[in-house]
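The two complexes that follow have chain A in common; it is paired with chain B in the first and with chain C in the second.
After this line comes the complex of A and B, so read on.
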């Protein structure tokens, strides 16, 4: 495999920061090349991961069984109450439905499910073939909404109609239909929505706690530990705080346009970014200086406990090299900063869905010699990890076994994280996980580190 | 109670599936194709399909799983996916350099009407397949059958498209592996070797999806049935198809194309099905059953008898795929257990008929397969008539937890435990492992729940 280089046509999606390098012009936001072993998913996947955490809604996948089966409870989005989202519902279309259409089946399934489970709203995901067989899911949704009295929202997420990002957008469009339909009279003038936080391993709870401690009302979190009722009232908040900008910026923009709610981009990963996420919100409410005071108090309190803890790891981790390949580019920025704070450097940074601005910012931030990739694949990742002698890979489910086969430590910063990595305590968890994996005694047996029979 | 929504009242449902006991065809085709050496599976459809299948297989095996995709766009859905597939073939051979591309379709490409036979032929005619390289295909529409069907179709495809009859018979037997783990395939090869039977086992995912840590990411691991082996299946004396749903179609294809006679057997799980397999292989290959195999059988039987009191009369609910459920149910009956509720999302009258035959020994047992035979129904049945043990893939853990039932993970996918890729469940040794796993959860429970005065040291 050593001779395999870079896919033809992908040269422009890879950039190495070094002296004499050509002008930075990374090519991104492209569809993947036919025939590539891409790590990317589809439009449906984008919609599904964004809406999935709304726990008291019904999520019905309209199509053949696979799309529902593969997305059954795969995202560790925790709910503090209802858990209807963790079940898998499908119209399980058969050959006859493909020929004669699936509308009737969809209608009957919806009526039955709404009767059985009394959800607060229903999201209907269309999969690849729905448009092709001519099902008018909008019409079915309207009809069921009328008959049942709950919001029944079509999500136009046909897999082939774009990239995962278009799926995020379709999800935002569906959410936007809910926003603005609930009462907002009693919402505080010091209030926010937390957007793009999915409560993996309970992360939204950590973030929410900080803001509430600052005296801010959190009207809704979208969509982690999400509730239909809260989404309906989201237009009553005074500020949208957007994390995972790739997935939720379009909703924030729509809400700004329609309801005049401004938004800011934040990240909850790492000390610097977490602190900034609190300060930036506080700055938005200058007429109440207590909020900023409280933010400072939280940051200083948390850092005081966290800092000495991190120092314990720093010695062991200093000089170790990391490779990062995650879904969104914004997360990469935070991870680079977080790793630097314990003396680690980043030798490879990439994302599935970054845009030009993201990559420019990334380039500014990276050290000399860092490789930047867009929509990478296992061959490239392996090649750069070995060439750059990375000690750690941060990625998702498909990257994990590659790292382990190479004999490189791994940290899941995606759906399969098991402990909260956001917030100050999340920073501790993150570094602990990195430490535990990088310094695990198992690597001494790995051939790469000289271990052999 | 994650499944607190499950009601005990069972009502007919109109098409709706809740918590499926199956998934779609393409993932089965992808898994089967990984059992050919140097093969890159290719998903002809949207990017998401390929990503989901790779993720699921990765979660099940904790191994990298390589596969390419046609990456359909809106244009492809209007003009057909031929251009995408032809472009993909170029990319794959020039960059990933596999020996074989195994293309399977998806609901999208099937609905558009892409004809894989025609497109792959065009690729050959246009000289897109380099000398010594191959392309095979299988139609695997997601709206027909289940993941098991997809596996069967791809295995039939490899037999149909590779096998050649030279006119000279070879002293070998084809073993068509139904959907089983790499560990099972390895075990079948071991048993055959032990018996001195010359076999070609296909597909063969051992040394592909249970690959050792080498410090390298092998794009094409060393395992897998080879092209010369697949070609030679056309000259074999006969075929033994291990599984009437997932393996038989390949044996039928070999019979039709090359006149290789076949016998269809249940997958060799448990003592009775393994007996039938060993006898059939001994007859087909013209070899005697060696003492070592007889001794293996004896060891399994010894455990069955030593522990019979712990198995006897215990009620079991199980779910999964046809070719496992058939012999597993039989094995549970042989152990003296009572299979009570059985569901499988995989449709088929043949499967239902075989289960009915076996369940004659289990009066009052519930069985359903195909549409609406899902985990929701299984849970409802369990609520109405509780069981002592649940056997099935990882998705059973919700029911096991809510209803507080001992749970043995078995089948596909297993997303939360290891072992299935390393320890076989076929053959007599595999039977031992199943018996051990079942006893383990039953006896652990007895230990945990027993009253102090009834808590026993010796069991």
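After this line comes the complex of A and C, so read on.
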């Protein structure tokens, strides 16, 4: 088989944990190399994914049609009420707008859409060319806010102005403008915000239920099943609980600075991390020991049902090797632990947007021989999947066909999934999905597993 | 306030500004798809990283195949100082990583707006890499996202490919087929027809294998398949080019360019859907190779005529809302008229300005037939119309699902994209065979509706 090399300029974004390896100094948090076919999207994507689940807001994409068309109803973020977020709105700029400016079109679009849909707020995403053609979207937003009386928030998400992470930040900036504008008098002293949980397949509801059972009030989830009204009251919570830390830590930090609300980082994937997410919150409220008691009760109850179920899969999955490539690095920690609990090892772990601390922690927890990659691409991923003989790839839509072409099982752990993978019941679903793909009889026909070409 | 909102409501009604749930995609998507149909070619977008990634995701969700699209990955400096450095670096990296024969470069709104001289940059790059062995052919299509839609990008890429590769040679007896944006299954069917006529041929683009291929024993940097560059080079020597697409003008098309540059005659047809339009296509092939069609296709036609008879009563007088690319809508409308289904709305997000006239040429007096034609519309418009028209069927890509669910009118999925069903890449639309498949699906949809609604639930129909 031919050797696949690594692109010049990308060598430092790859690290293999083995004896005699050079000191760990992975390069990350930089823009993607031109021509490398990164799996990342852009600044706009970062903003769009964070804000997308706010279901009673208008999300208007200011630019030519593509950006809005490709993000129409794209995520599995569900809402318990309004579903305005599932529609796709664009100013659909044409050549003449590019020449003469798009402000007027933006203004008219906003007025017309706010009239039609009565949203509680509006987010205006600027795309690549907005900065170039000199549209003053801040001014338009101010004007429309004044005329309509709802918050109209510019999101500066020009695709080329940084990486997906800068888009997260722009989204957090917009959210921060809403936080602190709602009434907080009746909020319990035992209250939290759930940050970085997007309610894919109803996951936020699972998590919320646990916390509520513990006697904790969830003031807002940002942004899963999100409501403008809840975000406005978020400053009334006593603790911010941050998942998907890459996207939401900046908001947690801003809220800490402005409102003195501390934050903790958690993950809801896998038994260990899910339990820790409940305990860590309980620890924050030591004056009410019932909360911790209740957390213990929930964990023990859930584990009691879950554990025997997982054992059924363990025998079949033991010794199988997994490759992980997801958006944020923090999630890979949980996935590694979750896979280990059923006897699987991880041979490749990578993310689009991890930072140095993430990768250092990842290196610490990985087995010898594991490859760690930052901002990888299909050629590299295929290379390592083959070299490390992975049986399973965990990733998103763009990674899926790589796995299937090579006769490797796949589990979708990205935003399009329709089955909840968070919480204790999510852990069951996750392992079930892994089992169903790894053990499927279809692989007998794959050329790499002995099938004919 | 009340007065003002009443006034506003009036303006909203008359002039809709924002696009809601677009019934079109952007120009570069079409170009990437077309470039995917050239052998050993890597599509490359000159712009932000997101364009490539979003388009990859969108295409993968339909074709279920790896689709690598490179990007020159603009950053702020690039936007200020121009994309030359990034483009050249990107081309170098793609060459190193993929070892392609061809790189198909399409622009985006960003690189077009800053006014990058892509042709000039590529000239320089070619000069700089002239000594390298295996330097890929660089094709450049201008595809600003603020103009037209994905279908324009598709045709621009096809034309740019010919401009880059076609060469005058000794005349031969081959034909070129420019099939338009059709499914991999359609492409395979077209190839089979041409082969059965024993016509040497080139289909451009041909993503029948690259976007619907088999499993891999080892990693392929670029999926096998696609139109060979040598075949594209010879296209200038063909006896003629067949080009599908009613609204596709010669001045924008591949066949049009071959005709004006090399005198290769252009035979321009609507997409061959339905018996009449398929007849025209087969008759053209018969004329071009001066022999009758193989019996196999006459048999397909016979079976189709027979099926029309067997199924006509289920569908006569039914109405349909039809949407998608203009050329697909026009040919589908002609087919529906042929089987007694009335397309009460023919809608497209595209806006060539030719749709109504071309549709009129195929089906006659539109208004007399109760057919409404609307171009440049989005799904909110189509949904509003559907609510008023209450058709029996909705026919188009999967993006009409929400409307179908809400109105409880069945959706028959055709074309691209089909994101909510399996096997969109394997649907046939063209020729007698494609028409047969469409006809069966339409009849069965009506029968299924009747069966579901029936209190008795007959098991024979």
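A few remarks follow.
Assume the second predicted complex is superposed on the first by the 450 of 453 C-alpha atoms of A that agree within 3 Å, B and C clash if a C-alpha of one lies under 4 Å from a C-alpha of the other, contacts with A are read in each partner's own complex, and residues count from 1 in each chain.
Note that in this section contacts are C-beta pairs under 8 Å (C-beta built on N, C-alpha and C of every residue); 3 or more make two chains touch, one makes a residue touch a chain.
Quick caveat: nothing in here was measured; it's all calculated off a predicted structure.
Because the two structures share chain A, they can be overlaid on it, and in that overlay chain B clashes with chain C. By the document's definition of touching, of the two partners only chain C reaches A:115; chain B does not. Legend: residue contacts after superposition of the two complexes on their common chain; A:316 is shown touching neither chain B nor chain C.
By the touch criterion defined above, A:84 lies against chain B but remains apart from chain C after alignment on the C-alpha atoms of chain A. Touched by chain B in one complex and by chain C in the other are residues 1, 4, 7-8, 31-45, 63-72, 87-95, 97-98, 105, 108-109, 112-113, 116, 127-129, 132-133, 159-162, 378-379, 382, 397-398, 400-402, 404-407, 445-448 of chain A.
Residues 1-2, 4-5, 7-9, 31-45, 60, 63-73, 87-95, 97-98, 105, 108-109, 111-113, 115-116, 127-129, 131-133, 159-162, 377-379, 382-383, 386, 397-398, 400-402, 404-407, 445-448, 451, 453 of chain A are the ones touching chain C in the complex. On the chain C side of its complex with chain A, the touching residues are 5, 8-9, 11-12, 15-22, 24-29, 44, 47-58, 60-61, 64-76, 78-79, 86-87, 89-94, 96-98, 108-110, 113-114, 144-147, 149, 214-221, 399, 402.
Residues 2-5, 7, 13-20, 22-24, 26-27, 40, 42, 45-56, 58-59, 61-74, 76-77, 84-85, 87-92, 94-97, 106-108, 111-112, 141-144, 146, 211, 213-219, 345, 371, 395 of chain B are the ones touching chain A in the complex.
Of all residues in chain A, only 1, 4, 7-8, 31-45, 63-72, 83-84, 86-95, 97-98, 105, 108-109, 112-113, 116-117, 127-129, 132-133, 159-163, 378-379, 382, 397-398, 400-402, 404-407, 445-448 touch chain B in the complex they form.
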